[in-house]
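Both of the next two complexes hold chain A, though its partner changes from chain B to chain C.
So, the complex of A and B:
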């Protein structure tokens, strides 16, 4: 007991390997510390008569150390398993620490409460769904992004899509809708000479063309076409193209 | 002794004939920087001249030979240097056709059902994810968006099958942007997880989402060459209605390049048989396959991307 003060004066003034100093607080990293703070009454090294409450794998124990056992470090801590029932556990603490300082009884009870609270919360969370966080190394992530950009350039997507569409046109999937002749050009003139049953659908398309926004380059062309269409189809009055 | 008696002029002539000046075969041997720089410029000029001459000669030769001219050499690309894959599919493979007639998507291709898709997200979606889901609902006909409400996927699968859905899309979110897409085909179909990157909404491409009409779009699946690629392609294609409305002129493309699947949504317009005009509507994003499972979020993994085993070569791709 007499060495407690000496230990504390050394630890406090010079060096303690468990002490972590921040701007406003001193913390103690010792696993048997009752409060986690570095202070004269809660330092496990500077108090030979000491008690803590600790949990291991979900089971809560009361650890006690007395002056007689302080010289056998391997055997100094007496472990008492506390009841799962909170009230009973409190009583157990009071029984075991019956003639101890009020400080230890108080702090042990508080610590027991905190521990039971976090254990119940852990159990509740496990019952529900939990997001699995999959870590990705930064290097790998960047590599993936880089390769994607290069693949995008190599893909030339618009070209590929156009090719596919033209292929489909040639294969005849749009046979009933478009009526392109075998020759490549002058579609406008040929469309004029088409049968009337296709005329409605084309009207539909041409009027749609007017509504859809296009680039300024093509707008002029489309306007011209629209004027032509209007002149050609003066008779038709079907304006049921709104979609 | 004889040399001493020669006259000065003669000795000079002899010197000129006898001595051999050091020939600079290498530019780097010229110690003087300005002279070296000049020599370098000269060398470059010569090289360029040579190259142009060769090109001219080649052209002449090609013109002369006409059809018999040697084929123009194509530069190597990563695609041309791709490692040979045993599972590469050639078109019209009988075995493949037989397999595909019996797999989970056979019913889609026989047009026996209309796909009905459930789109959800993770638990607390933020603005971008919500907007992304809304866009997806616009593109895919028959898509129903629903909040996640902390339901587990297995339970979701069960309930959705009961309600008649055919596919589930779960958009996963990280750091406030969508970053994953889980596609589950419902009646015990395969499920696949994709990593979603570069999601761009309509407004990011400066387009109005009102341009997207309700017509059923066509689907283009480009460049899926291996068996695995075909499975993925069928999976993605089966999300859309089997009967597209050509009137609407909408096309949704999934283009695979080096294992990255690029999704684009366009409106097309045929100018003539040689030219199509595309206008991009709608969102765009990239997918990268992480794994495919045999059941609906259950069962064996048909394929999983294991980085250390699979990403060993830069010329090796799986789709």
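So, the complex of A and C:
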């Protein structure tokens, strides 16, 4: 047969799967534990006659267990629903635990008090605004940052912008072209002449793309175009760009 | 020939501005001149190499072994101890759980699973599933890669297919009453494994281990160990009238 003292001496000294030990305290993870601490009088495993107060979905119950029912784990807990009125609930506890040890009556009352307090607090909080705290895992966060950087590089936004601008240029949305300083123009021309002659229109356009960003570049291209036109048309061109 | 000694190394002695540890002879390779033989050297043997002829076995008296066995069996009947071991028996209808002999005739694992579910023992098996993980440490590369919890133990009298039905369910062990194994009843040295007995197995316990009134029929001259205290509620004893009456007043 089961004896509490023996059970406690085994659980305490040897192993209990519900015990959590910190440097200063021993806690009990058992859901029926009255105080949450691991001690001789509050261990639900080492006391066959045991009572707790628990709350499920906002309703508070008194759970009791006696030695007669100790060997039927499915049926051992007797559940008494406590009144929502705090004073009445206290009376109910006293009634049900009338011949029990003072320890249980006292702790059950204290636990009932704490539970009602946190329930009212929960209701109050729900009425007000709630900030949702979202934990950010550092690993995930860093991973996302790294991927953002990579995506930025992969998107090649510069190229896309160039293409867009050149497309617009080709379509003729920019009717007028600005005048650019002469020097930069000349520099550009020299540079272009060093490169091999381009005959494909595509390559032609590609090179245009490279130079769209800055004024100088635009003018350089346009100058180059102008040169090409000259070469083709054999018309003497001005240094001013002409489109 | 053990590892670390497969060299003919000799110390260079003093006068060479090096430590006096034995060094590998010869030349032409990286290895030459390196320290050898010590537990501190790279490629040397370990301190006190472990030997296979270590005394592994211990002689323990038969009575002591039976005492342990009997205590373990007793512990399986205490729901508190079984729960403290971590088994999920919160929904089990009764502890100790004794099942009809039909279980011994089960042959399909599906039926075995159904039986466990009906008796509310399946939550314990679910716990085993959840506990499957890799062992931490070097055991992983020494053929001890995966670990999991222990589940319920089925104790039968006659195997008519039962072992094969329960074989593939993780965590579940089966054992015959005649050959009860302490390593299965108290795994890890902690008493209180969740046991499911078949009816005939349960009945056999009396003849196997005896009751205090009757000796065991199977074990010669064996009877259950006598408890040190008949009434173990020490606190209550001390508070009782009989004892309080005889105590002197506290100073």
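Worth a mention:
Assume the second predicted complex is superposed on the first by the 130 of 243 C-alpha atoms of A that agree within 3 Å, B and C clash if a C-alpha of one lies under 4 Å from a C-alpha of the other, contacts with A are read in each partner's own complex, and residues count from 1 in each chain.
Note that in this section contacts are C-beta pairs under 8 Å (C-beta built on N, C-alpha and C of every residue); 3 or more make two chains touch, one makes a residue touch a chain.
What you are looking at is a predicted structure, and each value in this text was computed from that prediction instead of being measured.
In the superposition on chain A, A:98 contacts neither chain B nor chain C. When both complexes are overlaid on chain A, the residue A:87 reaches neither chain B nor chain C.
In the superposition on chain A, contact is made by A:144 with chain B only, not with chain C. Counting the residues of chain A touched by each of chain B and chain C gives the higher count for B. In the superposition on chain A, A:157 makes contact with chain B only, while chain C stays out of contact range. Looking at the shared chain after the overlay, A:165 reaches chain B, while chain C stays out of its contact range. No residue of chain A touches both chain B in one complex and chain C in the other.
Those residues of chain B whose C-beta lies close enough to touch chain A in the complex are 77-79, 122-123, 150, 152, 197-198, 211, 213-215, 220, 222-223, 246-247, 251, 253, 255, 257-260, 262, 264, 266-279, 286, 288, 307. Those residues of chain A that touch chain B in the complex are listed here as 128-129, 131, 140, 144-145, 147-148, 150-152, 154-155, 157-158, 160-162, 164-166, 169-170, 173-174, 177-178, 180, 184-185, 187, 201, 204, 209, 212-214, 218, 243. Partner chain A is touched in their complex by these residues of chain C: 75, 77-81, 83-86, 89-95, 120, 190-191, 232-235. By the touch rule above, chain A contacts chain C in their complex via residues 2-7, 10-11, 14-18, 45-46, 48, 70-75.
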